[in-house]
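Each structure below appears as structure tokens.
The two complexes that follow have chain A in common; it is paired with chain B in the first and with chain C in the second.
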Partner chain A sequence: MKGYLAFLKKELFEYAKTYKLFIMLIIFAVFGITNPLIAKLMPEIVKSFITDGVVITLPEPSAYDAWTQFFKNATQMGLIVMVILFSGVLSSELSKGTLINLLTKGLFRTAVILSKYTCMVLVWTISIVLCFGLTYGYTVYLFPQGETSNLLFSVFCLWLFGLFLLAALLFSATLTGNSYGGLLITGAVVVVCMIMNIIPNVHRYNPISLATDNMGLVLNSIEASSLYSTIMISCLLSLIFVSLSIVIFRKKQL
Partner chain B sequence: MDLATLKEYLPFLVPLVIAQLALAITALVHVLRHPRYRFGNKVMWVLVVLFIQFIGPALYFAFGRGEE
Partner chain C sequence: MGVLEIKQLYKSFGNREVLKGLDMDVPEHSIFGFVGQNGAGKTTTMKIILGLLKPDSGSVTVCGEKVTYGESKANRHIGFLPDVPEFYGYMNPMEYLKLCGEIAGLSKTRIKSKSEELLELVGLKDQKKRIGGFSRGMKQRLGIAQALLNEPKLLICDEPTSALDPIGRKEILDILLAAKGKTTIVFSTHILSDVERICDRIAVLHDGKLALCGTLSEIKERHRLHGFILEFESEETASCFENAEELKQPLISLSRDGSTVKVLMKDCDMDGHFLLGVLSQKRIVPLKFAVMEPTLESLFIEVVR
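This part shows the complex of A and B:
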């Protein structure tokens, strides 16, 4: 436990020193600010492209458009930036051999993996909360009469999908031991989830539903209860990924 | 877009500009002070960091920076 806390502190310090924390926070803050802004400006942008003789009537932008932008940006760019930044989670220390000293001094390998996962989850949580807070504030400011349902639950689903993705990333990083292999396997996991989504019955149990059904939840076209099984499966898969990482890392030759 | 609309969106634009500048400058300073990269050269990274907004500095810190 002591080793776990010490290593967690070291991890957080490392993210701050390598500017990764800074980049994550700024990029998510920028998303948070631009989401409502793009929703508000969309009619203007479209108008500037229209030439004479073409008439397009656009509905007045609403809070829904801002949240559409939020879930589009956070699920695509946001998750991509997060995975790229965390791709070196294990590889840099393995290639430099800096872990060996700590492990021979009695740090448990389980503690290493667990504190790495905790640290990634912490950074992701702070980023998504920041992004959500900024989007919420500006959306309320720009579209005061917007009514949304299930908003917090929808963001919670997105957060959970991030956890699932981080677990997959940790697992693949432990398995391959380098950052490109980790990125490749994580990408493969997402692609497999997307392909599985074509089968209608799988959709209910597919973790990727957590990142695709968000707008449906906000618009109330999808019942919150239909996602409960997906949530269960995602938590279970994340747990399996993290446990497998521990098992593999304990057997790994450093 | 005229000046009045620009003024209306100032509360959005100012933080955005500050964020972009902060990212670009931090990355630029790092590029110039640590002239060893995993791949590419100084000119390439300066251009990437300055002209690819938001993603450029992220790419640099994730892939470009060499070991200390």
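This part shows the complex of A and C:
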């Protein structure tokens, strides 16, 4: 436990000192601010491109558009940035050998994996909360009349998908021991999830639904309860990934 | 009972056998020189002691505690200095030692006092800059500081001096000597002069086993050549001695270089008295009469060949 806390502190310190935390926060803050703005300005932007003679009727932008932007940016760019930023989570320490000193000091390998996962989850949580907070504030300001349903639940689903992705990343990084391998396997996990989604019955249990059904939830076209099994499965899979990481890391020859 | 005991250790990588039944015993408060060629298996042995590699068979005990692969509890008795110690470049030495101390479970005040003491010892006391900008020698010194932080009973150093300039090497060796009273040091190297300078015991690893093991004086005694070096005033006296009838025996080989004669005796019963007898018979007083000491280098080459 002592080792876990000490190493967690080191991880946070590392993210702060190597600007990774800063990059994550900046990117998610920019998303947070621009989501409602783009929704508001989109009709104007489109209008400026329209030449004479073409008539396009654009619906009045609403809070829904802001949230569409939010879920699009956070799920696509946001998650990709996060995965790339964290791809060296284990490989850089393994290849440089910085872990050797600490492991021979009596740091348990389980503590290494757990604190690394905790730290990634923390950074992801702070980023998504920041992004959500900014988008929420601006949306309320720009579209006061907008009404949404299941908004918090929908963001929670997205957050949970981030956790699932981080667990997959940690697992693949531990398995391959280098950052490209980690990225590759994580990418493969996402692709497999996407392909599985084609099968109608699988959709209910597929973790990727957590990142694709968000707008449906907000628009109330998807029932919140339909995602409960997906949430269970995602939690379970994340747990399995993290446990497997521990098992593999404990057996790894350094 | 020794601080470190290794019994019948086997390890192979693929089909290359590195360790073939290594037995080693390191007594307390010694500086143990672990010598071997490049690729002899020194680092492998050390990593097994630290539980970083899994041995194929055999057992390792540190301070009476068995080493288990993966999460080795015996590690709390050990301080380790890797051949090229790597640190987090964004920290300064104090921050790094603090992290190590927290992991080792030391109290805050203890970490602070111990860090200051050790940074003083290794000469990095006023170093506030980040480790990222450190030279190799400075990293090596910080490596020793972190290894000694939890006051280990056993300090393992993997080739601590190999990549350093002469001054850096001397500094590291002096630090190790200073640490001798408090801990047992196992230190691998292929620089034999370092071994002679600080070690009291050595072991030579060759072909997966210890080819030679014991205290330095013991080993030298055991491998003493029955040879003498005699130096004379002039070449004539030297050749006069060389051509003495008594020395014309198959068991004695002589070689002369100017006024110096080397005598090697293959018969163990014959010794210096015999030569002294010859000298007094011939009424020659040599300038120098010396017993040939085996050098560590000659021993090493002999063993490894």
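We take it that the second predicted complex is superposed on the first by the 254 of 254 C-alpha atoms of A that agree within 3 Å, B and C clash if a C-alpha of one lies under 4 Å from a C-alpha of the other, contacts with A are read in each partner's own complex, and residues count from 1 in each chain.
Note that in this section contacts are C-beta pairs under 8 Å (C-beta built on N, C-alpha and C of every residue); 3 or more make two chains touch, one makes a residue touch a chain.
Since the structure is predicted, the reported quantities are computational estimates derived from the model, not experimental observations.
Once chain A is used to superpose the two complexes, chain B occupies space next to chain C without a clash. In the superposed pair of complexes, A:Thr34 makes contact with chain B only, with no contact to chain C. Once the two complexes are laid over each other on the shared chain, residue contacts for A:Pro207 go to neither chain B nor chain C.
Legend: residue contacts after superposition of the two complexes on their common chain; A:Thr18 is shown touching both chain B and chain C. Using the contact criterion defined above for the overlaid structures, shared-chain residue A:Leu103 touches chain C, although it does not reach chain B. After overlaying the two complexes on the shared chain, residue contacts for A:Leu85 are found with chain B alone; chain C is out of touch.
Working from the superposition on chain A, the chain A vertex angle toward chain B and chain C, CA centres, sits at 80° in steps of 10. After overlaying the two complexes on the shared chain, residue contacts for A:Gly182 are found with neither chain B nor chain C. Considering which of chain B and chain C touches more of chain A, the answer is C.
Legend: residue contacts after superposition of the two complexes on their common chain; A:Pro61 is shown touching neither chain B nor chain C. Nowhere in the superposition do the C-alpha atoms of chain B and chain C come closer than 5 Å.
Under the contact criterion defined above, the residues of chain A that touch both chain B in one complex and chain C in the other are 18, 96. For chain A in complex with chain B, the residues that touch the partner chain are 18-20, 22-23, 26-27, 29-30, 33-34, 36-37, 41, 44, 81, 84-85, 87-88, 96, 138, 141.
Note for the complex: chain B touches chain A at residues 1, 5, 9, 11-12, 15-16, 19-20, 22-23, 26-27, 30, 54-55, 57-59, 61-62, 65, 67.
By the touch rule above, chain C contacts chain A in their complex via residues 47, 50, 52-54, 70-71, 73, 75-76, 78-80, 82, 84-88, 90-91, 95, 99-100, 102-105, 143, 146, 149-150. Touching chain C in their complex are the following residues of chain A: 2-3, 5-7, 9-10, 13-14, 17-18, 96-98, 100-110, 250-251, 253-254.
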